[in-house]
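Got some structures for you, see below.
Shared between the two complexes below is chain A, which has chain B as its partner in the first and chain C in the second.
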Partner chain A sequence: MSGKVSRQILLYGVVCLAILIVPVLVDDAFLLNKYARYLIFGMLAIALSLSWGYAGILNLGQATTFGLGSYCMAMFLKLKTVPIHTGSDGLPDFMVWNNVTELPWIWVPFHSMPVALLAGILVPALFAALLGWFMFGGRIAGVYAAIITLAAMVVVNLIIIDQQSYTGGFNGITDLARFEIFGLTFDAYSASTYYLVAICLTVTLFLALAVSRSKTGLILQAVRDQEERVRFFGYDVALYKTFVFALSAAIAGLAGMLYTIIMEFASPTFLGVPLSLSIVIWVAVGGRQSLLGAMLGAVLVTGVQGALSETEAFLETWTLVMGGLFVLIVLFMPKGLAGAFEALVRRFPKAAREGGARHAAEQSPKSQPHLGGAL
Partner chain B sequence: MTAAREQLLALKQVTVAFSGFIAVDRLDFEVASGELRCLIGPNGAGKSTTLDLICGKSRITAGEIAFRGAPIHAFREFRIARTGIGRKFQVPSVFRELTVRENLEIGCSRDPGVWRNLFRFTGGVDTERLERLAVLVGLEDHLETQAAQLSHGQTQWLEIALILAQDPALILMDEPTAGMTAHETNMTAELFNRLRGKHTLIVVEHDMGFVRDIAETISVMHQGKLLAQGTADEVSQDAKVREAYLGSGGIGHA
Partner chain C sequence: MDFVVSQILTGLSLSSILLLVALGLAIIYGVTGVINLAHGEFVMLGAYCAWLLQVQFGWSLLASLAVIFLLIAALGWLIEVAVIRHLYDRPLDTILATWGLGVMTQQIVRLTAGGELRYVQMPPSLSGSVDILGATDSAYRLFVLAVALGLFLATWCIYRYTSFGLKLRAITQNRAIASSFGINSARAYRLTFAYGAGIAGLAGALISPLKSVSPEMGTTYVVDAFMVVVLGGVQSLVGTLASSAVLGETSGLLAYYSNDTIAKALVLVAIVIIIRFRPQGLFAPRVRA
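What follows is the complex of A and B.
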C-alpha cells in the first residue's frame, strides 16, 4: 500500500521535473509561451479531475472560475500600466471611453498586489462555494448540476459583456503591465514566466494529490459511488461536495491569473462554453480518475490541436480529426489514457507475479467468515 | 426485563402518508437500550418505512421520534447518524469502486468533518480496529480487493462490518440475511447475539428461523400499525397475527 503511494509520488515527481527542465532544452520564447499555455490548461484539467473524477460533479462551467481569476489579475495589471497608456486621472483607458469619471469601488482594492492575488483565488472559490451550497444543499446532482454550472457561466459571461464601463465588455481588459514580484519581472515570452507556471502547476498537482489521498478524498470517492449511503454514516455530503467544488474553483482561478500573464489580456471568451467543454474533453481523454492523467490529457490534446492546426495538410480538417480521436478514446478507453496505461502496467511480468500471489491468497481456505477475536 | 432498562428510542403516534397512502399509522413503538428487537410483518406492513423514518430517509407526517429522550425527526440524515444511529440497507450499498479497506475507513466516521479528514491519510489510528473488523467478518484476505469483486455473501458481510466500524448505539438492520447461505445466516445470528447489550438493534427480517434464534422481543406490524408484541411463542399464537398472515401461508413462511 505505502509502496504504491511512494511509486505514485515518484511518478508525479518525475513528470514535474521533466516539465521544469523544458526551458533548458528549448530556447525559443515563443514556444515556451505556447508550452506554458498548455500547462495552464493542465491545471484546469486537474481542477476538473478533482470535482468530476473524484466527487462525480460534472462541471460544465469550469471556465467561469478560470475567467474570474483571469479578470482579477487583469484588473491588477491594468492599474499598474504606465500612465501614458491610461486615461486621465489614472483611470483605465476603456473607462475614459465609457465616460467613467471615478475609479469604481470594485476596482479600488486591486491597487494592492496581495489583495489582487488573494482575490484571484478567493473570488472564484467563494463563487463556487455559494453555487455549490445552493446546488448540493438542495440535493441537485448529476446532469441537473451540470446544467446549472453551464447556465451560471453564461450569466457571468453576459454580466461581464454587459458591464462594459467596469469590465471592458467584449474587448476585455487589454494593454496590461507586466507582472512583477520580489523584483522579478515576468515577460509573457520568457523562461521565467514558464518557470512560474510550471512551479504553480507542480504545487497544484501535489496539493491535489494530497487531497485525493486524504480521508476527505476517500469520502468524496464514496460520494461519487453511493451518495445516499455516505450520508447515513454521519458525513455532511453537501459540505464535502461544496468543499471540493470550491477547491477546484480556486485552482481554476490560479490558472486564470497565470493565463492573463501569459496572454497579456483578459477576455469574456475565457469564460466561454467552448473552453469549458474542451476541459471536459481533455479530462476524459487523459482519464478523469487520475490527476496526472487528466493533466497530461490537457497538455497532449492542446498540443496535438496546436500542431494539427498549424500543419498545412490538416488546416481545414483538424477539428474533425480531434473529434474523431475523442470519440475513439471515449468508446474504447472509458478510463482514458491513464486507465489504459494502468492496464498495460499490470501486464508487466513483475506486476503479474505480485498479482498471482494475491490471487493465491484469495484461494486459501480461510475465505469463510469466522468470528474469532473480540469485537 | 425491558422495563428495567433505560429507554433509547421512542416513536409516539408516528404517521407517514405518501400522497394519500398511509404507510405508517399512529405507530407507538419503544426500544430499550441494549435490546435486540425484531420487527416482522407481511409485505407492505411498513417495517422498512419505519426504519426509514428513524434514520431520516423519509420524513414523518405527524407524531414524534425521540432518541435518548430528545426529538430527532427534524434533523437532517447526517445529524441523525451523528447522534448514534446506523442503518444497514436491504440492498447492499457498499462502495463498489473502493477496496474493502477503504470501505471500512469510510465506515469509521467518528470524525465526520471535512477539515479534520483532509489531514488524515491511510494507515492512521483506525488501522488496527479496521483489520480486527475484517477478521471478524472473514474479509481479512480481501482488504485490498475492490468491493465490486466480492461475492454476494461477502458483500453482505462487508455491509455489516461497515455498520460495526461506524459503531452506532442503535443499529437498524433491514433483512441482514437476505441472500446468505444457511451457514452464513447462522454466523450472522451468532454475531447479533454478541452485539446485543453493547448495541441496541432493530432487525427487520423475514426468515422466522433466524428471528427465533436472535429475538427476545418481536414486534409485529400490519398495515402501518403495531399488531402484537412479545416473545416468539406469544406472537405466533396471537389470533390477530395469525389473521394478518392468513393467505400468505402463516408466520413461518412470511
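What follows is the complex of A and C.
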C-alpha cells in the first residue's frame, strides 16, 4: 500500500472519528437530531459522488432511491405502531380513511424486520439496476441518462401521491413507531440514533472508498474519461455502470431508511425535484470526484442553510443564493472545494515537501493524476 | 363516432402543448447540444408575462404574444452570453448551470409575483366552441393547435430553406469545419438559443389560459417535453412533431382508461424500453457521426 493511500485512509478516519465524538461534546438532543440529518445528507452525497464523480453518471433523480428506502422503513414502523393509533385489525390509519379493508399485499412482508431492512436497500438497488440495464444497455449516456433519471423520479413521485390508499398519498406515512433492534430503542432525538447514523456513514464512506480504490473503481473512472476505449478493451461497460448505479442507489436507500427514523415520517417530498437538486449542489460544492469532499459539502451546505434559515431575511432568498452559487461553481470551480483544497496544498511548497517529497520518490512518474489526491 | 373524434381531439390538444414546449427544446439541443433545464422556466415566464400584461396593462392575450416572444428571446440571448457559451465543451455541466438558473428564476418569480396560482383570461373571440364531426371542441384549443403547427412549419422552413438554416445544419454536422468555412458558429448558437427560448415563452403564454399559472409549472412541462425529444430523436424536427403526436394521443387514451398519473408512468416505462432497443430515437434520420 503506497503512502498516498494510507494518508487518505488516515484523513477519512480522522473525519469519521470527529463525527463520532460529537455527542460527547454536544448534549442537546435537538441539535444531535439536526446533525444526524446533515450526516444522512452526507451519505446521499457519497452515493452521488460514486455514480457521478467516479463513473460519470449524473443522476438527477438520486432522491428516488432515497425516498424508496425511506418508505420501506416507514411501512415497517407504521405496522409496529400500537393498534390504537392505527385502524381496526392493525390496519394503518390512512388506509382506514381510504376505505381499504385489508392490508394490501405489498405491505404484508413489512411485518418482518429483516425483510423490511433488506427491502430498504434492495428495492432501491433493484430499481436502479433495472433502469440502469435499460439505459446503459442501450448505450444511453451523459445528458440523456441524466434526463431519464429525472423523469423516472417525477413519475415515481406522482405514483406515490396518486396511490393514496397504499402510500398515504400527499401526506406520506406519519405517526410511526420507534425503531427497535437488539433490545435498543432509537428515539429520533437521542445520542444513540446519532451514533447509528454516524456508524452507517462511516461504513458507507469506507465501503465507497474501497470500491473507488478497487479495480472496478479504476475501470469506472476510465469509463468516465473514455467510455469507447474501455469498451474496445473488452470490458462490459454497461455492467460496470449498472453496478455502480445500483450501489449508489443502495447507499441512498440506507440513507432514506435512517432519515425516516430521524424525521419520524416519510413523505413524497423525500423524492422530489428540490431534494435531488440539493444533492447535486452539495456534491458540486464539495467536489464531485472526492467522496469525502462531497460528504463534507453536504454537511457544510445544509449546515449553513440550517443556520441561515433561522434568520428571517435568508429564509426566502436562500434558494436564490444557492442557485447563484451553484452556477458560479459549475462555471469556475468544476472540482468543487475538494479540488480547490488540493490546488491550495499543491501551491504551498512546504506542505508538499513534508508529505509529498518522500512520496514523489516512491511514486513513479506514471502516477495517476485522475485518481484524485488525498481527499 | 363522437367518442372517437372527441378522444382524438383531446389527444391532439395534449400533443399541441407538447409540441409547443418541446420545439424550443429540440432546436436548442439539436443545434447546440445543450440540454436546457431552464426551459420549463422560460415557459413559466412566458405565462407570467401574459398574466402581467393582462392584469397591469389590460392587453389581450393575442396582442401580447409578439411582445412575449421578444422578451423571453432576449432573456435567452442574455443567458447564452452570460453562462451557456462558456460550457459548450462540458455538456453535463450545461445541465447543472441551466438547472441552477431555473431554480433562481422560480424563486425570483415567487418573491416578486407571489407563489399563489394566477389565471389568464382566454381571448373573448376564441372562447366559444366548434363542432367537428359531431364532437365539440373549444375554439381556443384548436387555435393553440394551429399555432403549434404554424410555428413548427415556420421553424422547419427556416431550417430547410434559408441560408441561416443551411449554416445551422452545417454547424450541427461539424462545428469545426463549418467555422473554418467562415460560418460564425458562436452567433448561430446565440440566435438559436434565443429563438428556442422565445418559442418556450410563446408556449407558456398560449398554455396559460388552459392551465393555472404558478412558479412551479415549468417542471412538469420540461420533463414531458424531454420525453418527446428523447422519443423523437434529436436533430430531427419531424421526429419531434411525430413523437408529440404519438405521446399526446397515447397519454390522452391511457388517461381516459385510468388517470393522468398512470398514463404518465406507462408512457415513461414505454420510453425506457424503447430507448433500450432504439437509443437514437424512433424517428431519427440516419446521419454519419
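The working rule: the second predicted complex is superposed on the first by the 339 of 375 C-alpha atoms of A that agree within 3 Å, B and C clash if a C-alpha of one lies under 4 Å from a C-alpha of the other, contacts with A are read in each partner's own complex, and residues count from 1 in each chain.
Just so we're on the same page, a contact is a pair of C-beta atoms (placed from the backbone, for glycine too) under 8 Å apart; a residue touches a chain by one contact, two chains touch by 3 or more.
Not measured: the values here are computed from a predicted model.
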item	value
Which of chain B and chain C A:142 touches, first, second, both or neither	second
Contacts of A:219 with chain B and chain C, given as first, second, both or neither	first
First (chain B), second (chain C), both or neither touched by A:13	neither
Overlapping contact positions on chain A, where the chain C interface meets the chain B interface	none
Partner chain A, residues of chain C touching it in the complex	35, 83, 86-87, 90-97, 99-101, 103-104, 106-108, 110-111, 219-220, 223, 226-227, 230, 259, 261-262, 264-265, 268, 271-273, 275-279
Chain A residues touching chain B - in the complex, by the definition given at the top	1-2, 5, 211, 213-216, 218-219, 221-222, 224-226, 228-237, 239-240, 243, 358, 361-362, 364, 366-375
Contact footprint of chain C on chain A as seen in their complex	56, 58, 60, 131, 133-135, 137-140, 142-144, 146-148, 150-152, 154-155, 158-159, 161-162, 273, 277, 280-281, 284, 316-317, 319-320, 322-324, 326-327, 330-331, 334
Sites on chain B touched by chain A in the complex	55, 57, 77-79, 81-82, 86-87, 89, 93-98, 101-102, 105-107, 109, 112, 114, 117-124, 132, 135-142, 144-145, 157, 162, 164, 166, 183-184, 187, 190-191, 194-195, 198
